[in-house]
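Next up, some structures in structure tokens.
Both complexes below contain chain A, partnered by chain B and then by chain C.
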Partner chain A sequence: MFAKTGSYAFRASIVLILIYVLAGIFVGPTAGIVGAISRQLLPVWLALVVTFAVSVVFKRKLGLYGKLFDSTVGMIGFALVMFWVFTGIFGGVFDVLVTHDSLSQVSGMKNKLPGTPLARADATDYPWFLLGGDNLARDVFSRLIKGSWVVIQIAPMATIFAFMVGITLGLPAGYYGGKLDVFLSFLANLILAFPVILIFYLLVTPEIVLTGLPSYMAIVLFIFPLVFVAVLLNSRYYTQPSVRTPVLIAVLGLFGWLYLSMISNDGALVKTSTYDIPGLPAFLDLFDIGPGLLVVFVAVVFVNAPTVFRIVRGLALDIKTRDYVAAAQTRGEGPWYIMLWEILPNARGPLIVDFCLRIGYTTILLGTLGFFGLGLESESPDWGTTINAGRRLLSLYPHAAIVPALALLSLVLGLNLLADGLREESLRD
Partner chain B sequence: MGVFILRRLGVILLTAFCLTFIVFWLTNLYPNLEKLAKTQGNFRMSDEAVASYLGNRGYLEPTPLKFGQWLGVVPGWVTETQDGKVFGRCFQDGTPVAERPKFCGILQGDWGYSTVFKEDVGPTVIKRLGLTGKLMFFVLLLMVPSALIVGVLAGMREGTRLDRSLSTFSIATTATPEYVSGVIFIAVLASSKFGLSPLLAEWGWIDSKTLFLGSATSAMKDATFWNFFLPVLTISLYGMGYIARMTRASMTEVMTAQYIRTARLKGVKFSNIVMKHALRNALIAPFTVIMLQIPWLLNGVVIVETLFNYKGFGWLLVQAASNNDIELLLAVSVVSVVVVLATQLISDIGYVLLNPRIRIT
Partner chain C sequence: MEALTWTGALTWLNPILGLSAAIMVAAYTAQIVVSVMPRAGLRSAGGTWRAWIEAQGECSPKPGATLFGQVSC
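For the complex of A and B:
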């Protein structure tokens, strides 16, 4: 009886949320703040509906991803995550969802409550501050959306890099064991014994950026994807040199270019007050990451990599005793082939689940950095910095801090639910 | 067992040594020293003035030498200025020659001098640790029992609605970092203009203006439920979900064991099965998780102490790090590293003691 009411209540609340969203789209601003926001986010709703429709129709052909749509928890998580991904992409790349400039200050809008009409609005301006104004009279709604793009960009990339480092070092540590394992495990434990906040306070400061240390760390940490791909392809195709050589040259050329563009800034790999190490010239440089962003990125990868290393090492220790590994060894396969093409694919289930969880954790870490005002500049719209700026007036004007806090909560919750759904579905086979 | 503990202690000492050296090296990089000189002297110092300030105070010696001085295995620096003043790491100007100690480092029990607080590092750290200890005590008091209860209730009947809702609750808490839950709690429970407090005050249910106090500064002297509950709750909530999930996993595993089935078939009451047969075995895994969670709480402590303005150990870390107070920061990192490693050791030993099937050779 209780179970049934619970189930109905759950469905009813989901239906209610959908009604709110739908009604908002059609009624628009006359339905209040919710309606206006709902209409403003129309592209996101459309993208979500299309994604879900396509995925549900073809779910039997999509492997683990398709199976996700059998689990309610997984679907809710996926919806939350994709909501922020689409919001980030539409708002950050196409600039469509934002109502005002996220940096400009509008006079008379300081600390105004959500839904306040714009003072002295032109005909071209959006007539409201949907979620109010912050203590510098900027639009909280637009900053929220711009901030989601910062998170959506950095968190998954940093997690991928951490995984590359962890996998490339963890597999040999688990597979070979011995001195290598002892040494690498000691290093990993060394980093893990640091309180995360202490690492951040030591690494992510303008003074450390001046010494060029983050650039050196970037040079070391970012080379791991390159090494990983090279070893992956080489161990697979080294028996067929006619395939391997061109493939390796093409792939390594591309990855090498990306690597060099990533680590060089203004034509220099490392730039300090006393010396420069020249890097890729500016006309070949695909993109520049500012020194502030680079140090944040490096710090987050540095903190995450040892944990991934430990997980991969544990999985490798477990899987290397299986029969198919023994079979491959008898066949005469090389150690790297066994690690990357026998052990790694069989460890993918736990790794995918951990990947989702770790993106969430990275989001939390980015928020922590912002909360302590480290790394990103103080006007950056990312959620942690916004929470930090809003918390000073928290008991008088809570909206400026609550909005990004709830956003961060929902994204991390979505990633956790997604991981939970994936775990459930991958255990089912 | 004795050999195992000794070996672990050796590793701990080695790790602590490496970590303190890394912290020492990072804080002694020149831009950091320059910032220190400018905050201690004045911000418009010329480069030469900075160099002479640092040189006079022994900051420009090679890093390994300075590290040795800090440890107390290398004689401390001594400077003689042009106007005849003699002072050093271990003594001030005017100390008679006979009373000048040569070594003063942590081996001699001297943790140095804090440039921010203008007092000795040792007593400062101990005072702040005491305050954080009080916070941690209440956090553990709230977190551990509630996490275990949630985990056991969820795990005892796997797949039921109770399990699902409790599991979702634990996922939600692990997805809420302290700076998010703290902000929400303050806005909802501790604001005199928004949230619950104005409503409750209007109905006359609470005497004060707010339900809880949004700042824990007054809790440093005397902690009450009113001014101390929110920071404690904020830290506990984030750590709780993980412990609850581990307890649930271990409980579900135990509940499928043969001896539980036997007990059920014998007709033992379900409550007796849970309390007498399952619980003991199910609590072995959470014990290690709780111990390993303590270093994680340290992060939460730093965030919450900043947010609620409670001047404990985490607040000290922030002050030391943002002002590059080298010796204070070193002491803080030694303490936190020792906490991390000691809890790891305790969790290993406890695991062996609790689980007789495991033997260490």
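For the complex of A and C:
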């Protein structure tokens, strides 16, 4: 009886929330702050509806992703995650959701409550600070949107890099075993045994940054995707040199260029008072990662990679005893072919689930880094930094800290639910 | 320009949402509480469902004798 009542009440609450959102799209600020935000987020709602409609229609052809739409928990998680992904993309790339510049200070809007009208608004200005103003008179809503782009960019990318490192080292450790396994596992345990926050503090300490350590770490850690792709393609096309060579040249050329662009800053790989190692010339450098962002990125990859390593190693230890691996060995396949084309695809289920969970952990780590003021600039709109800035006046003006905290909570909750849904569906096979 | 309230013209919906949310929380809490209460007549006998069923003397399931999660004898 209670379960049914709870279920009906849950559905009623969802329908009511949808009414707020839909009414807001049509009447805008007449439906209050919720309505105004809902109208502002119209592109996000449209993108979500299209994504869900297409995914549900073709779910039987979409493998594990399609099966996600058979799980209510998975769908809720996916909706939450995609909400922030679309918010980040529309707000960060296309600049369409924000109502004000996230870095501009507006006179008279310091610590203003949500829904406060602008004191001296021009005709072109959005007339309200929808979620109020922070302690530097900046729009909390716009900072929230811009901050989502920072999080959406860094967390998945750092997780992908951590997975590349973990897979590239974990597979041989599990497959070969012996001294290689002992050595790599020891290294992983060494890093895991070190307090994470202390590593972060050490990496961002100016004295350590001056030694160029983060740049050296970036040079080592960022090469793993390159190694992974090279080994993956080489092992696949080893018996077809006419295909392998051009494919390897093209892919490695592209990845090598991206790698050099990533680790080169102002034409140098490492630039300290004593060393200056030249890097990619400026005209070939595709993009520069700011020194603060590089430190954050390196720290997150460095901390996450050993955990991924242990998971992959454990899976490889288990899967290498299976019959299909023995069959591949009997066929005369090379060890890397077996690791990357026999073991890895069969370990994908737990790895996909862990990937989703790990993006959540990385998001929390980024929040923690921002909160401690490590890495990113103090004016960065990322959620951790914003929470840190807002907490100083928490008892008087809680909105500046609560809004990004709720955003962080909802994204991580969504990632965890998504991982649960994926786990549930992958276990049904 | 007027300051915005949270729900503007939809303020009349707030009590309904509040009530619905309160019922949901109360129902799920009650469900959790009821689920941890001991059922009348249920006795512990060895700590497992199999031991308990065998103790009733009505049914002695063979190992693995389950069908869709239910005991088949």
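The rule is short, and it goes like this: the second predicted complex is superposed on the first by the 429 of 429 C-alpha atoms of A that agree within 3 Å, B and C clash if a C-alpha of one lies under 4 Å from a C-alpha of the other, contacts with A are read in each partner's own complex, and residues count from 1 in each chain.
By our rule, a contact is a pair of C-beta atoms (placed from the backbone, for glycine too) under 8 Å apart; a residue touches a chain by one contact, two chains touch by 3 or more.
Model, not experiment: these values are computed from the prediction.
In the superposition on chain A, contact is made by A:Leu396 with chain B only, not with chain C. By the touch criterion stated above, A:Thr330 is placed in contact with neither chain B nor chain C. By the touch criterion stated above, A:Ile197 is placed in contact with chain B alone, chain C being left untouched.
In the superposition on chain A, contact of A:Ala405 is made with chain B only, not with chain C.
By the touch criterion stated above, A:Ser107 is placed in contact with neither chain B nor chain C.
Chain A is touched at more residues by one of its partners, and among chain B and chain C that partner is B.
Touch criterion met: A:Gly32 reaches chain C, while chain B stays clear of it.
In the overlay built on the shared chain, the residue A:Thr368 is in contact with chain B alone; chain C does not reach it.
2-3, 6 are the residues of chain A that lie in the contact sets of both chain B and chain C, per the superposition on chain A. Across the interface of their complex, chain A is touched by residues 1-11, 13, 16-17, 20-21, 23-24, 27-28, 30-31, 34 of chain C. Across the complex, chain C is touched by residues 2-3, 5-6, 9-10, 12-13, 16-17, 19-20, 23, 27, 29-36, 113-118, 121, 127-128, 130 of chain A.
Within the complex, the chain A residues that touch chain B are 2-3, 6-7, 73, 186, 189-190, 192-198, 201-203, 205, 207-208, 210-211, 213, 360, 364, 367-368, 371-372, 384, 387, 390-391, 394-396, 398, 401-402, 405-406, 408-409, 412-413, 415-417, 420. Remark: chain B residues 11, 15, 18-19, 23, 26-27, 29-32, 34-35, 160-161, 165, 167-168, 171-172, 174-177, 179-180, 183-184, 186-187, 190-195, 214, 295, 298-299, 302-303, 306-307, 314, 317-318, 321-322, 324, 332-333, 336-337, 340-341 touch chain A in the complex.
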